[in-house]
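The next part holds the structures, each set out as structure tokens.
Paired with chain B in one complex and with chain C in the other, chain A is shared by the two complexes that follow.
The block that comes next holds the complex of A and B.
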């Protein structure tokens, strides 16, 4: 790890971290401010939910949710936050080394006395720091919003902590997969289409999982691995699924190191 | 001591050729010219030596160490000025140079100041606001600021105005006088001629000649022009004669070998005019490409 690359990467990502953090914090704050309204009309809401077609309930992850409890409602909001976090992490993953190549600064960096491994480690740690900062802002915003709007209702703080911790594991998946894909394709011209595709793709897999019948496609998506409604319901992670998630991330990052160290940096053409 | 030793280095990009079986070496303190047209493999060779790309086969050593096994260590003492300069667009010149210096474990502040004064570089401008020539200056300062022992210059003068080119050449000569070894890639022969001790000529990925620049000019080829009645292209059908052309009764050709065999052909003929001169590097070069 090289401190100067880390610093450079962090600076380059600072603005993006601020924007994403504020966006996520705002989603939490605004949605939670409606909570007391929902909670007051508990019976009505749950009755209405029951009348939605099951496919639609599944699409919004509403099956296991009780919108009238603090964490039930929070887990509903959390799905949108997860989507944001997936796109943010995907952005960082896809762009981690590909931006240097598309903006042709890779020659500058890699002709310096640093190894490819050091470069990738520094970049990954800088991206991880960015994700953790976003996670911290999300946590603060969640705690503040809940305490402001919970309307005297109790919630299990430990489960909330579990949900907040899950964001780091969740984002690392998108960071790792994004990085690997960016090293497998010939050239990433623009990062956003890739990260939107990966983020929404993963979301759609769980949202419409019912439509695929018996094929357990949802097993490959982090939205399932770290399903907020389920975590709230059980008060715990689904260990095998979380292990699948972590394993995919680890494999992606390991293969990425292998590929990056052997990579031919494309010349200007 | 050889600073660069390249042994049968080969690089294919998939099926397309980069370089094939390139071997040469460069001694400490030399300025080695590497000439060839675009696409001949000049940049490929440099990128291999910097381990930006990996070889299909062959080996290369710099400072006696394998470039692919000891890249980071070797690059401590290498300066690189790429043919196309691209830097982080949002950064200021001073910040970029500071970032560049941060990779080396020595204080480069003084050097940065000297170099940017020499090259008249404005430190407070954003990279994205710089013209191509100014970016090139950033490249020059960036490549030299850590006082490297070996310099790779890949078509360094493109985009520099003549005044800056001259200053740049002075700078390179000064560095060379301090013992810096220079690997100078270019397709502009005039500048190679001015600066280099030895040249390698690369053509379609293969090194066709490595030679002392003097030797190349003096001993290898003579440019002969003869005007005489009774002499035509066929008169000079000799071993060593190439590029024979006839224009208005004057025969032009390049000759390599014992000049007496050419003189013998002119013996007994009434010669109106004859010149025998050293060809310019450009003509030698064109000769390799025909």
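The block that comes next holds the complex of A and C.
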């Protein structure tokens, strides 16, 4: 780990962290501000839904979601926050080392007296710090928004904490996968199409599962691994799925180290 | 013409990737649909659902056991994919010259800047048309085994037109960003911001009736699949709005690129 690289990476990401944090905070604030109005409507819906056979509720993914409670509604909003976080983490992951090649600064960086492993570690830690800072802003804005708009309704603080913790695991997945993919392709010209494709692709899979019931394919999307509605409903992580998620992340990062240390990096000629 | 062909070639891979994603999406969805198709039990349950619940699930006017109803629910995802792809193509095709430091080369060619943009915009447009046609073709193949009736084909055609219009809007926005942003890095970031914001707005606009006015702000809601299904045509007011956005973005794009100090 090299403090200089870490500092440089953190500085390069500062503005992006501020923008994403504000965006996430805004999403939470705006969506939660409609909670009280929505909760009254949703109360009617919940009442009617109780009369339906359970297999049908499961088919529409409504089993776990109760929009009249603070956390039920929050888990609905949380999905969109996750979408933002996925794209942010994907951006950092895909750009982590590929940016040196596309901006032709790789020779400069790699001629420094630090090993490639150290370079990657410093970069990963800087990205992780950026993600954690975003997570902290998300936590603060969630707490503030909930206390402002909860309308006297109670919620379980422990479950909320669990949800907020899940963002770190969630983002690390996209960071890891992004990093690995960026090392597998020959050249990453622009980061955004990749991160948008990965983020929205995973999101669309989960949105589908909500509409049409369960299919095995959803096991591959981290939105399902850390399904907010489920965490709120059960008050705990779905351990096997979270383990799959963490395992994929760890494998991705490990393979990335292996690939990066051996990578043939084009120099400026 | 040379620029046009070159851009077509360099964007071909991206078109293939997006097509594969959309095709996979359709395959997964149709595989799921097989569980619903014509299932009388499901139909009975859906019939028994209170309208408020159907509203909440954004399934009004859709009967999920029919192919048309199913494709109605799919429409928002087609629009989303098309919009993202088009915005990326639009902004990237202009800003990549500055990013890859080839802008000096392309602008010393004996063609005006406007003609460069025209050629590039046309190449991106061909990509958009290609993506719609592939979505259409894959859909036709995927649903073949359900032997859909004529009205489904008409509805599908209408949906694909709407998808194309959404693509056009985002393509124009993307081109504007590529042309007008002083730093090439900003164009992609702004494109992401616009896509995410419009998508969030589109969700907000269907959540509550009093937020209905928000749908004017988000192209994803310009063509509601339910309306398409009921009326069998694209909404005139929103067609006009789309045209205004596209023409507006394009004219500002041409105007600003002609005057801009390029990053070398």
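Rule of thumb we're sticking to: the second predicted complex is superposed on the first by the 238 of 269 C-alpha atoms of A that agree within 3 Å, B and C clash if a C-alpha of one lies under 4 Å from a C-alpha of the other, contacts with A are read in each partner's own complex, and residues count from 1 in each chain.
Keep in mind that, in the parts below, contacts are C-beta pairs under 8 Å (C-beta built on N, C-alpha and C of every residue); 3 or more make two chains touch, one makes a residue touch a chain.
What you see is a predicted model, and the numbers here were worked out from it, not measured in a lab.
Trainee: Which holds for A:18: it touches chain B only (first), chain C only (second), both, or neither?
Mentor: Once the two structures are laid over each other on A, A:18 reaches no partner at all.
Trainee: Have a look at where A:205 lands relative to chain B and chain C in the superposition and call it first, second, both or neither.
Mentor: It touches chain C, and chain B stays clear.
Trainee: In this superposition, which partner touches a larger number of chain A residues, chain B or chain C?
Mentor: C
Trainee: Is A:84 contacted by the first partner chain B, the second partner chain C, both or neither?
Mentor: second
Trainee: If you stack the two complexes on chain A, which partner ends up touching A:102: first (chain B), second (chain C), both, or neither?
Mentor: Touch status of A:102: second partner only.
Trainee: Under the stated touch criterion, which partner chain does A:161 make contact with: chain B (first), chain C (second), both, or neither?
Mentor: In the superposition, A:161 touches no partner, neither chain B nor chain C.
Trainee: Check whether A:185 is in contact with chain B, with chain C, with both or with neither, and answer first, second, both or neither.
Mentor: In the superposition, A:185 contacts neither chain B nor chain C.
Trainee: Over in the complex, which chain A residues touch chain C? Could you list them?
Mentor: Those in contact with chain C are residues 19, 23, 27, 30-31, 34, 37-38, 41-42, 44-45, 48-49, 52-53, 56, 60, 80, 83-84, 87, 102, 189-193, 196-197, 200-201, 204-205, 207-208, 211-213, 215, 217.
Trainee: Per the contact definition, I'd like the list of chain A residues that touch chain B in the complex.
Mentor: 2, 4, 8, 12, 103-108, 110-115, 118, 262, 264-265, 267-268
Trainee: Please output the residues of chain B touching chain A within their complex, sorted ascending.
Mentor: For chain B paired with chain A, touching residues are 13, 43-44, 47, 50, 52-54, 71-76, 78, 80, 82-84, 86-90, 99-100, 102-104, 142.
Trainee: If you look only at chain C, which of its residues touch chain A in the complex?
Mentor: Per the stated touch rule, the residues are 14, 17, 21, 25, 28-29, 31-33, 35-36, 45, 48-50, 52-53, 56-57, 64, 73, 77, 80-81, 84, 88, 92, 96, 99-100, 188-189, 191-193, 195-196, 200, 203-204, 207-208, 211.
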